[in-house]
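Look at the two complexes coming up: subunit A is in both, with subunit B in one and subunit C in the other.
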Partner chain A sequence: MTALGFLARRLLATVATLFAVAVVLFAGSEVLPGDAASASLGPDATIEEVAQRRAELGVDRPWPVRFVEWGTAALRLDLGTSTSMHRPVVDVVAEPLAATGLLVGLTAAVTVPLAMGLGLLTGLRPGGRVDRVVSAVAVVAVSIPQFVTAGLLVLVFADLWPLLPAISLPPLGGGPLDRPEILVLPVAALTLFGAAWASRIVRATVIDADAMPHVEAARLAGLPERVVVARHLLPAAAPPCAQTFAWLLSGLFGGTTVVEVVFNYPGLSQTLVAAVRNHDTAVLEGVGLLLAAIILVSFVVADLLVLAVDPRLRVAAR
Partner chain B sequence: MRAARWLLAGTAAAVVLFVLGVALFGPLFAGEPERIVGLPYSAPAAGSPLGTDSAGRDVLDRVLAGGRPLVAVPVVATILATVLGLVLGLLGGYFAGITDAVVSRLDYLLLGLPPVLILLVLLHGWGYSATTMIIVVVLTGTPFVSRVTRAETLRAVEDGYVVAAYAGGDSHLSVIVREILPNIVRPVLADFGTRLAIAVTLTAAAAFLGFGSSGPNWGAMISQNVEGIQLTPWGVAVPAILLGVLTVAANLGIDRIVGRVLR
Partner chain C sequence: MSPTPYDSPFNRRALFRMGLVAGAAVAGVPLLSACGDDDEQPSPAAAGGGSLAVLKVGAPNAVTDAEAGNPLLTSIGATLIVMRHVYDSLMVLDNGEYKYQLAESVQPNADGSVWTINLRSGVTFHDGKPVTAADVVHSIRTLGAKPSNRASVYANVDLAKVTAVNDRTVTVPLLTPRGDFKEAVLVVFSPVFPAGMTEFSKPIGSGPYRLAERNGTTTRLVANEQYWGGKPSVAELQIVGILDAGARLSALKAGQVDYAVSISSTGAKTEAANSELTVVRGGAANANALSFAMNQKLAPFDDVRVRQAVRLAVDRQALVDNALLGLGSTADDVVGKSLPGYADLPARARDLEQAKRLFTEAGITKLTLRTGEIVPGMLNASRLMAQQLKEAGVELTLQEISPDAYYADLMTLATHPFQAFYYVNRPAAVHLSAVTHGKAPFNVTGTSAAYQARLAKAQATVDDNARAEAFKALQEEFYKEGGDLLWGFQEQLDAARKGISGVRTMQSVQLFDRATGPA
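Let's turn to the complex of A and B:
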């Protein structure tokens, strides 16, 4: 299969998956009995009022019709109107999405090199002293819920030893980058989990790559360890690692939801939680679709990276 | 060295048993967790040894009462997810073709969605209930089991004993249940504890985000009391540590036990 064919197939699969996600999101939030009309009117509304409201919101029509309307509008980047805030969903989510994206981006920038380093350190000498200590810490760090880690970090670094702010609110009228110290603890909480998780998989990948014949041959030929690792082992380990980091991104977008709540960070979590509480279906579906799209694109990017480092596919592309 | 290791293992086991005891039997000793006993965020005092929470309720009573919701739902849901994942993975791995394609597509679809998003969508559609939580955990956990089962089944069908059983005239069902299942059950159950820990985390996360049942809950206590952490830390510290020990114990402890029993 040529590289181009490979890419085309991946893109097609991505579009198909995104469509399936859209169906699931729509079914989960609209076909199920959750009802924005009665939620927005409160418990005292009469049946007639609810029916009228349902007609206003357009939710009295059959759901396949609504799905097609919603889906085609989403293709034009129109995600509908928030029923609780009476503003276009795109406007409602733009700022929180940027704030969460900043958190995820910073975390990834710290986590990826850290996880690669720890994975190499432990995977090149499995069973060694460093490996045993790092692995034990990693297993514990992975097991603890991210919001518990975040709570404990606040306890230590904002209360017992007040170095950093416990609340991550940006200054009025400014963004998180105007007060960068508010980002430290949320990023630390996310990194602790992400690096622990990803380094375990990098470690396993490095152990596998280390046993490959060409790596052994390079070592037997007397090449310095540095060269063996950089030129022979890492390229073999890179494809699974790229996939791992794409998964990590998916995990981080889930993790931020709870970590942001601990710090009162103005990201997507507040938007999502408020949307569920106010039965704001349009916002929930919009955020879900955006997140799924970002995650799916990151998988494609991971595949592109694999394409860039895997000589077999590159040769086939010529 | 040996003595130190035993001491460490013994201490760990004691801590885990203590936390499990608090989670399961704590509600018997909790007084009235909803009663307001003082000002919000009071420091520990006689009568309330861990102080009060954001609403002036006794932290110790709420800690004692708040662990049980994090045990029952995750255990039931993880068992359901394991059974469902086993069935789907066996079907996909054994029958290949269209069955496998459907199972695999479904798996990757669910694996690609962040679990918290699945949680929020279903909470939006159905509201909170134990059933909703169980379905969320099953939806997020099943694909993992199904992937492992499928891979192990693919390996097993190639083996001589399966081919022999089928060639000997055994039905598909008999081959699956009597030949393949016993040989794949160990690797599939190997990370039961990990999935249980994830289930506990999700259940606690729902409460943490404010969607749990109305009663006390370790997950909810962390978000309710984090704003007063500088006044009194116990409303966050105690439930956070107990919840952390519970998930680590589920992850490490159960896998050890499963490994020993199935050896």
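Let's turn to the complex of A and C:
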């Protein structure tokens, strides 16, 4: 099988997964209680008015018809129209998606090197003093719920010691980057958890790779430790690490919600809360589908990176 | 710091579904003498404070692009605050009184089938054009037709026949004659915008503020210096959407906002001693009315003795003290306390002996309550009531439902004999008209056809005093035999930076145009 074939197979699997996600999302919003009709009608609407509005919105038609309509439109990147905001879903989510993407991107940019560094530091000398201290801190950081971490950060850095804003308000007419200090606490809250979690996995991977015969052989041949790590150990540890960071990315896209609420960050969580409030299923389904697509693509990218780094897989792929 | 139940979108959605949202809801028995105008308001200087360059307000939601300044899409919190500042309405409920705003007078014909609105003169829109009868005709027609959120408010108006008689006079014919047009329609929702305005991306009103700009979180309003009601004391208002109640309080304490709309009762308790902040309590006039609703159509509550026994068995003060942390007041089974037209019913005291006797007579030893945390404290109140009923010899089983599913199915609501419920406290006549009529989706107390006939008669009564009496009689009937065990008012709780005063509340919607800061 060629690398191209491998890629084709991975893409096919991704499309199949995305389809499954679409089915689950659609079914999920079908069984949600309430509907957009009564949410949009508001005060003192009668049962007859709700029924009429349901007919206007087309939600009274059978679900298979609506699923096919929604699915085929989504293929053209048309995610429908928001019932509460009367705008295309793609327009509604563009800005918050970019804001959440910025938060996730910055967190990843801090977390990945940090987790790699800590993982190497602890994994190369397991049981050492550094390992014991870092591991203890990491276990604590992973076990505290994120809203607690975020709340503590606000308490310390905004309330007791007013260095940073308590909530993340971008300036009027601008985005988060126009007032970068509002990004510090949310990124810190996400990084604390992400780096602690990922560094534990990197550590285990490094310990495994360190015990591989070719690494041992390189060491016995008298190569300097720096070269052993860079040329022999890291390539062996890279595939699981790439997978780990793909998982991290997907976790961040899901996990930002809590942190966004605590800091009132202008990301997807606000869009989702408004959508739930108005029973705006088009927005809920659209955001779900977009997030699933981003996460699935990040896994494909991780696979490609692995393919590029690990010679064994390239051989196998041929 | 996780969202409190009070903040949960599910609860707010539920509130919205009920159609009993704060500010949606305003009116009662019209007492013409109470229809003053705003000229009597004290000026900021008289109140002793100083004017403010900027006031930042943390609200429970952000205003979206479409909602900003669009009166057709106003729903809750920030959208209502923006709407009330950008637009004037024909009539409003301000400080517990019905007041004319853009209208100067509103008069019915003999049978209440046609109403004549005379406009205040000399009022101009933000673009300098005068407010005329043509603008009012256009506004009523737009508000009354889809996609307006408030079309149901105007359901009884013959929209096509609304007419501008001259520049300052509009006639509004109704499909069915009604005596309560002012309080049931105009006071509830009547913003006026220019004729020809069909989309609201650049909203133009005649209110004390104009919409300057907004982003995903913040809406900026600047003072309309030529405002006919007097130059606003706050030059610029920023309405900031902060979803989480804890985050709103953090932002206030960190100085990022000056006023936090809606904080949790635990937050209010914690900050009571904080000298930097003032906790603002809304009182019963700005409150949710909490009820355990008994459906009179269904057994065992079709027996009036059972309804009376349950009402006598509960200790309302204990419920308020425990479930609401004391941040509220007791209620006496009828909505509308502290608002116009309330019948001033006697406080209902606990009478265990009488309750026991009535339960025994009716042969009741067991009841089931459908309940959920639809407002914070409701589950605790339900559990406490179970203990109180036990003292009266009745075993109460609680059937807990998650708040997001609570209002999902109208049929379930209509067929459960006993369930936890809440209403926005609004004038009794408006509440009874909206909730106890036969077609109301949330008529969960199952009022009888005879009662509904009396309600329709009261609504059609044109004479203000006679209608007030008719609605008082309906309240007394509801007090004596009705299906609500309405036990408490859960107040609107806000917090302000020390020294901020002059914030008014219209049915839980805050008005900041006369706010002042530390002198």
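Following the convention adopted for this analysis, the second predicted complex is superposed on the first by the 306 of 318 C-alpha atoms of A that agree within 3 Å, B and C clash if a C-alpha of one lies under 4 Å from a C-alpha of the other, contacts with A are read in each partner's own complex, and residues count from 1 in each chain.
The rule we apply is simple: contacts are C-beta pairs under 8 Å (C-beta built on N, C-alpha and C of every residue); 3 or more make two chains touch, one makes a residue touch a chain.
This is a predicted model, so every value here is computed, not measured.
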Joint occupancy of subunit A by subunit B and subunit C, clash or fit: clash
First, second, both or neither for A:29, with subunit B first and subunit C second: first
Partner chain(s) touched by A:305 [first = subunit B, second = subunit C, both, neither]: neither
A:172 touches, of subunit B and subunit C: first, second, both or neither? second
Touched partner set for A:262, first subunit B, second subunit C, both or neither: both
First, second, both or neither for A:251, with subunit B first and subunit C second: first
Subunit B versus subunit C as contact partner of A:21, first or second or both or neither: first
Contacts of A:151 with subunit B and subunit C, given as first, second, both or neither: both
Contacts of A:86 with subunit B and subunit C, given as first, second, both or neither: second
Subunit B versus subunit C as contact partner of A:114, first or second or both or neither: neither
Shared contact residues on subunit A - subunit B and subunit C: 33-34, 147-148, 151, 154, 158-159, 166-167, 258, 261-262, 269, 273, 276-277, 279
Complex contacts: residues of subunit B adjacent to subunit A: 105, 108-109, 112-118, 120-127, 194, 197, 200-201, 204-205, 208-211, 219, 222-223, 226-227, 229-230, 233, 236-237, 240-241, 243-244, 247-248, 250-252
Touching residues (chain side subunit A, partner subunit C) in the complex: 33-34, 38-50, 56, 84-87, 95-96, 99, 147-148, 150-151, 154, 158-159, 162, 165-167, 169-170, 172-174, 258, 261-264, 266, 269-270, 273-274, 276-279
Touching residues on subunit A, where the partner in the complex is subunit B: 17, 20-21, 24-25, 28-29, 32-34, 139-140, 142-145, 147-149, 151-152, 154-155, 158-160, 166-167, 250-251, 253-255, 257-258, 261-262, 269, 272-273, 275-277, 279, 281, 284, 288, 291-292, 295-296, 299
Complex interface listing, subunit C residues touching subunit A: 1-3, 9-10, 12-13, 16-17, 19-21, 24-25, 61-62, 64-67, 73, 75-76, 146-147, 149-153, 188, 213-218, 220, 238, 240-244, 246-247, 250-251, 253-254, 256, 404-405, 407-410, 434, 439-441
